[in-house]
Structures are given as structure tokens and as C-alpha cells.
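The same chain A turns up in both complexes below, where it pairs with chain B and then with chain C.
After this line comes the complex of A and B, so read on.
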């Protein structure tokens, strides 16, 4: 794409999200969402192929519907309160509708069907933007209206998302679909704690962004999109193989890696609020996630996958992809757990 | 509900099949059975239980073979039809299939462990060893638009292969709107899951289509990189790579305007990873044909 156009589009995406995050007027939040969505569509369609077009069409339809629902909720809220500020929702109906709209944008179950297919159809870089940056805006609005969200609805959705994220990712051989299902699961964890302690949700978001960014960067180094090509990385760059294993275990929430920290904090917060069954179920479903990561890691990293001879003797070219921040991200994704006592500064 | 839907579908397809009168056959029987094109040489299943012919499952297999033996039913020994029982059986079968699918999902992709699926380099997808293998294919020709080509599919000697044979005729039908004609095709059925949900094949690990056919008895390997997009016989201007993880069906069409008889014997069709074939896509888009891509 023309670099100038690409720059303007990326700027619009960032501006849209920032408008959502800093506004206190509901109309501006809606405007921010629309700007974000319209500017994301060309980013999703960068490789012009039928699959990308299908993916961006699906994305557009879902996000447009969610924006419409958001507007409906905002207007009902306006009807009952007479003002547009986002301090709290004045009506249960509008709260439910707005929560539905935001969960559609995030890709929580039962509105998760678009996430794997859209992520699968777009290039790795666009998938990265979709699964990281696009989560910021809806979560910031959820953070703002957190006290007035219908608890039952949100907790049901989050439990369903964790189940779907675990079960759906089980048999995928396409890496982008795996990342999509893991995103659904992680969103479930975030929204579960949103009503009780929104700060924990932000902590989880931070960890999730770090880990997802790292995974995508590791995939982009070799442009691997299928499990089979990931299994052959031990031939090309063995260190990437090891790093994929470590970051994946961190995403699964295995101690002593840093992915365990937010899950631990969330379970602790939920039990402090006399909610025992929910975190038990959530932790058990997270095991499903870990199971398929383990199965993946067995074929790719723990065993030397058979490959043909022409793959074993590759010319060692210099790396042209500059991933300057990769070492920092890896350290942040795997070694932050001992810093958990530092969380007290959040209070 | 599923049965009624199937019935409605099947009655649309039947245009030239002889329709028995309503008095001699019960509502469900013969219409439902003769769903294929009239040029298919399979015996029409006689009236009887409303059994599905698409998935010959365990308890229905017996009915299928029994009905094949009867060409005509005499009115005296009409088997009794129990609509409710048949529907319940059908629904139970679907639920059993669903349970099997969930268990298979736990085991791994396509019900096999993940490392086995990843290590696979050659897979036989369709094999022709019995009549039920022919059920997975549909043969069509331009007879549907009024042309004169004929095509048949039957099992070969010793049940070792399938024979696709017939006559191609490019004489255009005299209906005032079609100028060209002359094609015969053999298309695989779209794989269906429980409750007739459409599924697709995932061939993203393979890069070649492997056919063992007798025209000259040699195995044919057609790389997936050489597949191009076409629509109704015309090659499209914009070309993209074939999406290998959502394949729903594959077909063979003969439309080379050479009139006369043709014959193809197929042993099996599979997919294969050719390690020496590294091409991803054989064609490229050109600015003349597709200026939109090159702005």
C-alpha cells in the first residue's frame, strides 16, 4: 500500500480508539468506534484475495451491527436520564444493550463466531492489530460503565467464552485460528473480573497484549501460519522454537511464567467476593487451553519433527526482519511473575 | 423435520423420472429414493421405509441392499410405513453422529491424534471398492439443459475401480437461448455432518491431487498450485490461490467439444505432499485483465 495512505489509515485507527478512551460523551464514543472500524477495513484487506475480502466483510457487518446496538442503548439511556455523560447507566435495558454491543465488538461468546474466520483470512500483521489494538476501545468503555453492568449476563458470557476458547482451539492446525480462540478465552477472563475489580481487568489486558504481541512477532519472523510450518522451525531458527514454547506456556497460564499472574489475581478477587464455583470452572476450562498448547508444543518444540533433506541444509541468510522489541517482549511475557508483590502500587 | 426437508429437495430434482401414481405407492417411498439423475444406472429403490440413501448407516444398510434386489413391488406385499418411527430413528442417528463427532473432536482433527495428522503425507480420500462408494458422487451432463450427452458411473470388474463412461455431444439444445452445449461431469458430494451440516475438507498440508486413473494407467499428480478460478466454463480475469482448508467438493468435467464416446476408469483419488514441488501459485494477475488490483 502507498505509505502515505497507510500512515493516514493507521493514524485514523489510533485516533478512533483514543477518542473512545478519552470521551465522556456517548456520541463521541460512538464516533470513535465508527472511525476505528472504517479505518480498520483496508488494513484487513491488504492482501487482495477472496478470503481477505470475505474476512473484512464479516468484520464490517459485525462491527456495524454492534455500533448500531450501542447507539440504541445510548439513546434509551438518554431517554431515561436526559443526558449523554458516561458516568453510569440510568436504565437496566440500556445497560444490557450496551453490554451486548461491546461484547459483540470484543468477540465474546455467544458473539464469537466471527473471530476465528476473520483472523484466519487476514495477514499476520493485520491479525495482530485486530487482536490487540481493537480490544482497547470496547474494554475502556466497559471499564467506565462497570458498576452498572448486569452481573449475571456478563459472567455467563465470560464463562461461555472461556469454554468456547478452550474447546474451539482444540483441533486447529492454523495458527491464526489458535490465536483467535485464545483471544476469545482471554477476553472471557477479563470480563469476568470487570464488575468486581476493573483494575484487575486492566492488568490482565496488559499481560494479554504483551503475550499476544510476542506470539505474533515470533510467527512473523518466519511467516508461519500453519502448525506444519511451525514444526519445521527447528531446522531454520531453533531459538524461535524454544521461545514459541515458552510464550505459549505463559499464555496457557502455567506458573512460574508471567501468564499465571493475572489468572491468579482474578481467581483471588473472585473468591474474595464469595464467588467460588465460577473461578473453579474458569480454572478447569483454562486447562483445556493448556492441553492443546501442550499438544502443539509436543509436535513443534519438544520433538524434532521429521522433515525432508532439502530443509535441513538451508543457506543461512541474514535476518531481514527487524524485530527490535522482541527480546524485551519475551522477557515481559515470561519473567514478570516474581514482581507480583509490586501490584500493591495499583491500589 | 429433516425428512420433510429432504423430501421437498428430492421432489424438485426429479423432473424426468417416472412418477408412480399416488395410489400404488405411499407418499414417502419412490420419490424419495430416485433422487439421482435419470441417466444413472442404479436401480430405483422400491417403496418402503423412508430410509436415507445418502448415509448408509448400520441399521439402514440392510434396507438399502434389500431394496436393490426388488425392482417392482406388487401391491400385495407392500411393507408397512411408519412415518413417526422412521423420523425418530433418523433423529437418533443424527444425535449418535453428533456424539461421535464430539468424541472425535476431543481426540484430534478428523478423530485422529494431532501428530498423526501433521505427519501425514499421502491420504486416500475417495476409493472405489463398492456400490456405496459410488454414492458419494453425482454425475451430471448437459441433459439437464436439454443436450444430448449421456454419462454413466458404475463399478468396474471385481469391484476394484469405478468406470465413468458415456457419449459427449456438443449439439446445442433447441431452446432458443443456449448457444453451446456438451459437458459431462462427475462431482463429489459436499461432506455433511450431523443434521446435514455442511463440512469441508482441510487439505492445507498437502500440495498435490493424486489420481490413479486408467486412460493410460498412470498415476496422475495435479499440483494444487495449478488450479485456477473459472466460472461456467470461462476463465476468470482475477486469479487467486486455491484455499486448501475449506474444500467442499471436487469434480471432473469433460467439455472439450470432441463428440463421441469417452471412458475413464478411476481407482482412487487422494491427496499428497510432493516435497519437490515448491510452487505456491502458478498464475499471476495482469494489469490488462484486472486493472483494479494494480491501481
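After this line comes the complex of A and C, so read on.
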């Protein structure tokens, strides 16, 4: 793509999300979402293959429907309250419709079907933008309307998402689909705590962004998109095998790595609100997540996966992809757990 | 009848939308869009927004719809689908018509129907003139406010329209 056009498009993606995050008028939030979606479409279709175009068409259809639902909810809210500020919803119907629209944008179950298919059809960098930056805008609006969200609906959706994220990722060998299902599951954890303590949801978002960014960067070093290709990294870049192992365990939520911290905080906040069954089910379903992360780490780092003999003797080329921030992200994804007492500064 | 002008126009508006949502060929869909656009303009006129209503006619119908008509005329198929030629399209159109007529009957008959919203009968649809709007037309003041207090809105919408064109050209560029 022409660099000037690419620059303008990336600027508009960022501007769209920022407009959503800083606006107090519902119309502006809708405008920000539309700007974001419109400018993301060419990023998803960078490759111009039929698969990419199919992925971006699916993305466009889902996001446009969700924007329309958002507008409907906003207008119903306007009908019942006569004003456009985003403090709280004045009507249950508009609250449910807006929550539905935002969860469609996030990819929560039962609106999760587009996430693996869209993530699979696009290049790794576009998938990174899709799974990290595009989650910021809907979550910021959910944060703002958190006191008036219908609790039953959101908790059902988040529990379903954790289940779908766990079970859906079990039989996958394509890394982008695995990351998509992992994203669905993590979104479920985030929205479960959103009504009770939105700050914890932001904490989970921060950790999720760090870990997903790290995973995608590790995949982008060797441009691996399949499990088989990842299992050859012991010969290409041996350090990646160890890093994939640690970051995967962190994503699965194992102590003493930092991925444990947000899950721990969420379970604690849920039990403080007399919710026992829900965090039990959530933690059990997170084990499914851990299983397929373990399988990835197993075939990458713990065993020499079966391959043909010429795969075992590669030319050792010099690494040309400069990932400057990768060491920082690795440290942030794995070693932040001792800093948990610092969470008191968030309040 | 003039009291209920907005009600009648809104019914025609929705029927126009139904006519192109039932997915005939784009040329016939354009016909539905023209009808809906014109009727929408008249609804805006009924609320006192004479400038904005005529702007809809000029820019939307006279600019964008004309361009849409020309492009669909260039890209048309050999046997375009009209509403009566395909059972699916006809079925969708009749379904939309039936639902709309049901809603109209609901509004005309009942005093207060509480389905998801409260329908209060025809009283909701009459425009009351309280006589309190001062010396200046509200709509003209709104347009003036758009260019003075609403500078940021003009910047954002202008940028969004520009990005719309850039994205469409980037998407249809192919390689």
C-alpha cells in the first residue's frame, strides 16, 4: 500500500478509537466506531487474496450491524431521557441493546463466530491490530455504562465466551485461530468483572494486551502461522522456544507468571460479591485454555516435533526483523506478579 | 388530514425502506431510495426545517442518488429482478407491508399499547406549535451552531467523509 495512504489509514484507526474513548456524546461515540471500522477494512485486506477479502467482508458486516444496534439503543435512550450524555442508561431496553451491540463488536459469545474466521484470513500484523487495538473502544464504552448493564445478560455472555474460547480452541493447529479463541475467552473474563469492579477489567485488559502483543511479536519473528511451523523454531531461533513456553504459560494464568494476577483479582472480586459458582466455572473452563497453550508449548519447546530431515538442518541466517520492544514485553508478560500490591495506586 | 401529515409521510417512508430491503435489483432499489429520500425531506419540512429539507433534495437526491443511478445503470445485469419477478423478493416485500399495516392499525385503534414502547395512539404524531420559538427559526440557529460551537463535529465528519472515499478507492484498487 502507498505509505502515505497507509499512514492516513492508521491515523484514522487511532483517531476513531480515541474519539470513542474521550467523547461524552453518544453520537460522537457512534461516529468514532464508524471511523474505526471504515479505516480498518483496508488494513484487513492488505493481501488482496480472496481469503482476505472474505475476512474483511465478514468483519464489515458484523461491525456495521453492531453500529446500527448501537444507534438504535442510543436513540431509545434519547427517547426516554431527552439527552445524549453517556453517564448511565435510563431505560432497560436501551441498556440491553447497547450491551448487545458492544459485545458484538468485541466478539463475545454468542456473537463470536466471526473472530476465528476473520483472524485466520488476514496477515499477522493485521490480526494483531484486530485483536488488541480494536478491543479498546468497545471496552471503554462498556466501562462508562457499567453501572446500568443488565447483569444476567452480561454474565451469561461472558461465561459462554469462556466456554467457547476453551472448547473452540482445542482442535486447532492454526496459530491465528488459536489466538482468536484465546481472545474470545479473555474477553469473557473481562466482561464478567465489568459490572462489579470495572478497574479490574481494565487491569485484565492491560495484561491481555501485553501478553497478546508479545505472542504476536514472537510469531512474527519467523512469520509462523501454523503449529507445525512453530515446532521448527528450535532450529531457526532457539530462544523463541523458551519465550513461547513462558508467555503461553502466562496466558494460561499459571502462577508465578504475571498472567495469574488478573485472574486472581477477578476471582477475588467475584467472591467478594457472593458469587461462588461463577468463578468456579470460569476457573474450570480456563483449564481448557491452558490445555491448548500447553500443547503449543509442548510441540515447540518440550519436544522435537516430528519433521523431515531437511527441516532439521536449516541455514542459520541473520535475523533481519528488528523487534525492539520484544524484551520489554516479555518481561512485562511474565514477571509482573510481585508488583500486585502496587494495584492500590489504581484506586 | 394535514394534522397527521407526519404520520402519513412516515408510513410511506417505511414502505419505501421495505421496498428496497426486499432486495430487488439495485435500479429498483434506487427507486425505493428516491421515494424514501423525498418523503424524508418532506418530514423534515413539516418540522420547520425548510433549509435542511431542501438540502436533502439537492445534495442527497440530486447529487448522490444521480451518481448511484448512473453507476447501477453501468453495472446492471441482463435480467434485473423487480418485485414481482421473484417469489422471495415479493414475499419479503409483502411481509414488511403486513407488519407495517399491523403497526398502523395498532396506532390508529388503541389508546395506549405497551409492546416494548408505549404507543399512545395518533396523538404522538401531531406537531404542536407552542408559539414559543422566538424570533429566529430554530433550524437556522442549529445550522449556525454547527459552524460555531460545533467546529470539532465539522472537522470529524469532514475527515470521516474523506476517509470514506480513500478507503473505497483503496479497496477497489485491486492489485
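We take it that the second predicted complex is superposed on the first by the 347 of 347 C-alpha atoms of A that agree within 3 Å, B and C clash if a C-alpha of one lies under 4 Å from a C-alpha of the other, contacts with A are read in each partner's own complex, and residues count from 1 in each chain.
As a convention for this text, a residue touches a chain if its C-beta (ideal position, glycine included) is under 8 Å from a C-beta of that chain, and two chains touch if they have at least 3 such contacts.
These numbers come from a predicted model, not from an experiment.
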item: First, second, both or neither for A:48, with chain B first and chain C second; value: both
item: Partner chain in contact with A:306 - chain B first, chain C second, else both or neither; value: first
item: Touched partner set for A:24, first chain B, second chain C, both or neither; value: neither
item: Which of chain B and chain C A:231 touches, first, second, both or neither; value: first
item: Partner chain(s) touched by A:273 [first = chain B, second = chain C, both, neither]; value: neither
item: First, second, both or neither for A:156, with chain B first and chain C second; value: neither
item: Chain B versus chain C as contact partner of A:170, first or second or both or neither; value: first
item: Which of chain B and chain C A:296 touches, first, second, both or neither; value: first
item: Footprint overlap on chain A, where chain B in one structure and chain C in the other make contact; value: 48
item: Parts of chain C lying in touch with chain A, wherever the complex brings them together; value: 116-117, 153, 156-157, 159-160, 163-164, 166-167, 170-171, 174-175
item: Interfacial residue positions of chain B with respect to chain A in the complex; value: 105-106, 108-109, 114-115, 117-119, 202, 204-205, 240-241, 243, 245, 275, 293
item: Of chain A, residues touching chain B in the complex; value: 48-51, 167, 170-171, 173-174, 226-228, 231, 295-296, 298-299, 305-306, 308, 310
item: Residue ranges of chain A touching chain C (in the complex, touch as defined); value: 1, 5, 8-9, 12, 15, 19, 28, 31, 34-35, 38-39, 41-42, 45, 48, 76, 79, 93
